[in-house]
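Residue numbering begins at 1 within each chain, and the chains themselves are lettered A, B, C and D in the order written.
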C-alpha cells in the first residue's frame, strides 16, 4: 500500500539549539584579495529560525560574505561560529556536511542533468552506500536511491515543479531554474540556508512565488535562512532582521523598519559620496 | 513511430528509475543482445569476428573507460593508450606469474594495475583543471610507453621486446593464443564487455556517477553540495583506468595475439578519444557508436570502394580515413557537439513523438 | 446483502470480488501511487470511523472541495457509508459563492484539499454557521493556523484506525450499517453551476444513482479491467457519474492526474479505456495536431495528409464494421501503422474503447476526425437532474448532429412546445430546499423538463437545437433557432463567434466575429498586412471568405427541413471581438443576446434596413479596466441563399 | 647508497669532469628548446587572439615542411616553392577561419580544442595523401641556409661543435620573435590583435572584423610553423614523427603560460635544456630514452606547485 507522506515535509535536524538562539555568528571577519579589501571587520549573527537579510549596494561585499560562511573563501581575520563550533579554515564540502546549503546569484545548476537529478545531487551527503553496492545498484544501494528519491519528490511537490521533473535544466526558463536551485539546496536539509539574490532577474510574479517559497521554507521546514537581495521591498517584507553592508563594512543591523530609517543606509543606497 | 507508450506507467520508483523505462527499448535491447549472443557467432565468419567484432567490442570498452573520465567526470585524458598498455602488460605478467589461474581472471585483475596507476596520475587533477590536465595524462602516456620499452621485466626479457600471448584455456576451451577460435574469443570479450557496461551504468545512475557529473558541470557548486573533489575525481580516474586496462589486456590477448609497445602509443589514445567524441561524450551507447564508426569506417572503405569500382591501396585508405575522421570530427563539433549518441537520442525522440515534429 | 443499491455496498462487494485489482491511482510524488479495492476499503473504513468519531452522523451534509484525488473520492463513499450526504463544490468557486453553497446545503463538515480552500471558507465563516469542522488534505501552510475546527485528513484516518485497533468490532458494525442502509437515501447533492441566478442543489437518490450507472455500465460493457482518468471537476455531475458512480458499479480503476498542468501527460501514461471530454477539448487537440503537423517536415506532412484522407474515406466505416473495399482496408492498415496509431499514442487515446462528448454541439469534421482515427467517440445528452444520461448513441449508430436515442430505461418525449422532457431511473429527487423550483421543472406525470428544444430524427435519434426559451419564429412562421445557426457558422475555423437575429423579423441576419488566430494565419500566408483586429475584420478578402462560409452554412441549413426557412440573408463582420469584459459574453464565453442587442442596436437596425454600411461607436473596456471608444464603419453584406421548394412549415415539436 | 650517489652526485661530477661536453649538451638542448619555443609561439599567437588551444600547431609544422619539400620534389624551384608554401599556409588559415572557427564561435574551450585535434587528423591524412608518408630530406641548401659546422676549442682539449644550421635557427628564431614583437606593438593590426585578446568589442572598434583577425592570426601561426618546419627539417628530416615531438609544446606552454610570448621562449628553453641534461646525465640510470616523457614530468611537477604557470597570475575563482 502506498502511503502519502505526512508533515512535516522536511524537518530541520534537532541540533540542540532552540529557536531564537544564535545559530551562526560571524566575528570580526576581514577578507582581502591581493590587498583589495572585500570585507572589513564584519560581525553579525543569525538566530535559529529567522530570515536574516544581508543587503547593500553593488560591490558591498555581500557575496564575499556568503562565500566566507560556506568555506569558499578563507578570511584573513576573524572567525565563524556555527552551532557553537569555531571555524577559521573550512573546505566548502565541510561546510556542506555541517549543514550549510546555498544557492547562487547566477544559477549554478548542473546543466547536463534533469531537474530530478539536480535535486537528487543535493542528497549527496545523505547517501552512504559504498562503491560495491553502487556497482550492483541493488539491495541497499537501490533502497537508498529510492529513499532519497522520495525525499526529492517531496521537494518537487513543495516547489510545484512536477511538470518539469525530467526536463534537462538547461532548457528551463530562468525563473524555474532558480526554483530548481532552491530545491537542490533544500534537498540537503540544511540547518542554515544561504540564498544569494534569490530573486535576481525575475519578473514580479516569479518574485512573488519565490517569496512565498522562501517564507514557506522558513515556516514549514523551520529552516534558518540568510539571504542577500537587491530588491529592498522584498527584503523588508521577508526578513526578520537585516544587516547592511557598504564598501565591505557593516553600516547598520536591525529590524527592517529600523534599517529603513537609518541615515547611513539611505545615503549608501542613494550613492552619497563617502 | 514504433513507440506505443500509452499505458506504460510506473507505480514504483524502482520501475521509474530502471535503465530502460520504455517497453519498446527493452525489447530493442533484448533483440540486440540476442543478435550479439546468437546471430553474430552463428552467422559471422572468422574475419568478421576477429577483425571487426572483437576489436570493436574491446575499443568500445576502452571508449567507455575514457567516457567515464572525460564524458562523465569532465577530466580530459590523452593517456588512454598508455593505460590500455598497462592493462596488457599487467595481464601478461599475471599470466607468466600464475600460469594456472583462469585467463579471464587475469584479464579482470589486470585492470586493477591500471586503476592504481590511474589514481596516481589522477592526483594532479585536484590542483589542475582542463587543458592543463591533458599534460598530466600525456606524461602518463609517454612514461608508460617508455616503460614498455625500457623495462625488460615487463616483457619477460624477450629478445623481440614484444609480448606474445600464450595459449590458455578455460573449461577445456582454448581462449587465447594462435589456436583459439574466433568464436571463443568473441564470447569472452562480449561477456566481459556486457558485464562491465552494466556495472558502469549502475555506477553512473547512482550516487557516484552523479558526483562525477556534478564535478563536471559545476565543480564549485558540487563542492558546496558536499562532494569531495578528491573522492569524485580519483574514483573516476580509477574506474576509467580499470576499464581501459581491461580493454588493453583484451586487446592483446583476444585480438592482436602479440604486441609491441607501439601498439599503445599516443595514436591509440587519440583514436579512442575520437571514438568518445564522435560517439558522444557522456553516453555509454555513444561509446559503442563511436567505436563502431571509427573502427569500421576504414574497413568499409577498404572493402567497399572496390565494390563500387574504386579499389584503393591500403595506405590511401589510411589517409582517407584520417581525413574523413578529422573532417567528421569538426563537422560533428559544429553541428552536433554531443555526437552520434545525441543524434540517436534525437532520432529516438522523433520516433516517440511521431508524427509530430516535437512534443 | 439486500441488493446493491448504494455505493458503499458496492465498495464492500468490490473489495471482495476485485480485491487485488487497482481501484484508484494517483500520480503523486512522481509515480502512480495505487490502491487496490481492498486497500481502498481499508482507507475508507479508517476515514469513515474517524469522521464518525468526530461527530458525522446520518443526514449530515459534508462538503467536498478540491481537485480530483483519491482522498476526496474516498470521502464521498465514507460519508455515504455513514448515511451522511456528500456535497461536492467547485474548487474554483470564489469565496462568497462557496459560502453560499455551503450555507444553503447546511453542511456541518467540509473536507477540502488545501490551504486555499480553508482560507476561502474561513473568510466567510460567519455565513456558514452550521459548519463545525474542516478536514484538510494538504497540510502545507496550515501549520500556524488556529486549530479549532481544523483537522488533517491523515489525522482523521489515524483516529479511525486507532478506534479499529482498539475495537475490531467497530469495523464490522460499520459494514453492517452499510448493508442495512436504504437505497432511498440521498446519495449526493450536486450543485448546478447555474448560468442564471444562484445554483441549485440537485438531490440524487442512492438507488437511482446506482441504477442509472448499472444501465450505462452494461450499455458500454465497462468492467473492472477498464480505467479512466479523472480530470473533470469533482463537483460536476459528469465526473461524479462517469468516474465515481460507474467506477463503483463496474469496478474500474480511477486515475487522478498529478496536477492540472500534467493532465495531457498523465493521460498518455495511463491510456484510459473510457474517456469523456467536452467538444472544446477535442477541438483544442485537433488544433494542436494541425499546428504541429504544419511544422513537420515536408514528407511527414504529405504522409499525414494522404493518410488522413484515407481515414476520412474509410476510417469511420471500419470503426463501425461496415463493408470497406480491400484496398481501403490495406491503406487504412498502413495508415494505422504510420499515422493513426502513433497519433493516438501521443494523444493518449490508444486504448480507448468508448469515448463520449457532450455539452455543446460538436462540428462534423472534428467529430469524424477522431472517429476516423479509430477512436470510438460518441455523443450523449444529459443533465444534472437526470444524473447525466438522457440519450446516448449506440456503437455503430453515431452521428455528429444528433445525441442518440434515449438511454436504457429512459423515456424521452417532446412537449407540445418543442421542449425535451425525460423520465429516468437516475432522475433527481428534487432541489434541496427549493420545492418551488422543483415543482417548476417537473410535469405532473413525473417527467423532467430540460429547457432544451429538440426533435427526433427519423432514425430515432434526438437532436437538440437550442435552449427552448431562445427558439423563436420568423414572420413567415419558419422556426428560428439562433444557437443552431450560430453553431453551424462556428464550425468554420475562421469564425470564432456568431450571433443570429430573426425572432419576429422577416429574415435571419448575423453578426460574425472572426477568429484572429486562424484568419491572422491565413492573412500571413497570403501576404495581407493588417494593423489591428478591426482592420483585419473589415478587409474585403476576409469579407469574401466569410461570405463563402455563410453561403455554405445556408446550403447546410437548406438540407434540414426544419431549418431551411431560416437561412441567413444578411451578415456583417463585427469590428471588435465580443468580450466578457464588456458583458457581451458570460464568463464561460456564452453569448449574452440581450446585452448584444442593446449595445449594437444601430447595427441590427442596419442589417434589416437594407443599408450597405453603418458607422458606429462602441464603448470597450480594456484589460486594465479603463474604458474607451472604438469607432468603425461596418460593412453589411447580402448572403447567398438556397431557394427552398415550398416545404410546408412544420412545428418544431411533432 | 650507491643509488643515491648515482642520482645525486655522479651526474654533477660528470658535468664538471667534461665541461666541454656539458656545454655541448646545453647547446643541443638550447637549439631543441628554440624549436619547442617556436611551436609554442605559434600556439600562443592563436590562443591569445581566439582562446583556442591549437593542438594542430604541430601538424602545421609538418604540413608546411612537407609542402615546401614536396613542391620542390615536383620540380618547383626552391624560392618559388617557399612563396607557394606561404600561399598554402595563408589559404589554410582562411579555410580554418571560414569553415571551422567561424562556426564554433563561443563554444566551450574543450570543443575548440577537439576541433583542432580533428584538424590535425585531417591535415595528417591530406599531407600523406598529397605528398606521401615517408620521411623527406629538407631542402636546406637550396633555401640558402648554411650547412656544415664549426668546432670551437674549449679549455685544454675540449671541443664544442656548432652546426651552422643550429646557429641559423637560433638567429632566425630571435629575428622572428623580434618581428612579432614589432608587429604586435607597432602595427595597427598587431594592436588590434592584442585588443582582441583582452576584449572582443574593443577590437571591433578598431575597425577590423573578428573573422579577419582570426585569419591573420592563423596565418601568422602558419608562418611560424613553416619556419619551425624548415629549421627542424634541416636538423633531422621532415616526417610525421614531428607531430609527436610537437606535443612537447604543451609542457612548454604550461611552464610559460598560455598567453605569454616571452613565457613560450623561456619555457621552451627550460624544457629543451632540461630534458637534454636529464637524458644525458640521468637517463642512463634508468635505461635511457627518458627524453620522451621528462618534459611532461617537469611540467607536471611544476604545475603542482604553481598551477598558474611561470608568468600567469593567480586566478581568483568567483561564484
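Structure notes:
Basically, contacts are C-beta pairs under 8 Å (C-beta built on N, C-alpha and C of every residue); 3 or more make two chains touch, one makes a residue touch a chain.
If you're wondering where the values come from, they're calculated on a predicted model, not measured in any experiment.
Ranking all chains by how far their C-alpha centres lie from the centre of subunit B, first place goes to C. Chain pair with the larger contact count among A-C and B-C is B-C, by C-beta pairs in contact.
Subunit D has its Cα centroid 49 Å from the Cα centroid of subunit A.
Subunit B and subunit C, compared by their mean Cα positions, are separated by 58 Å. Put simply, the C-alpha centre of subunit B and that of subunit D have 33 angstrom between them. The set of subunit A residues touching two or more other chains comprises 2, 72, 104, 108, 149-150.
For subunit C, the set of residues that touch two or more other chains comprises 30, 33-34. Taken residue by residue, subunit D touches two or more other chains at 319, whereas all remaining positions touch fewer.
On the side of subunit C, the complex with subunit B involves touching residues 25, 27, 30-34, 268-271, 289, 292-293, 295-297, 300, 303-304, 338-339, 341-346, 348-351. Residues of subunit B touching subunit C in their complex: 1, 3-13, 15-16, 353-359.
Those residues of subunit C lying in contact with subunit A across their complex are 28-30, 33-35, 39, 42, 71, 139-141, 143-144, 152, 154, 258-259, 261-262, 265. Partner subunit D is touched in their complex by these residues of subunit B: 76, 124, 127-128, 130-132, 134-136, 138-139, 142-143, 145-146, 149-151, 220-221, 266, 270, 273-274, 277, 315-316, 318-330, 333-334, 337.
Looking at the complex, you find that subunit D touches subunit B at residues 53, 99-100, 103-104, 107, 109-111, 113-115, 117-126, 128-129, 133, 244, 247, 250-251, 254, 258, 286-290, 292-293, 296-297, 299-300, 303-304, 307, 317, 319.
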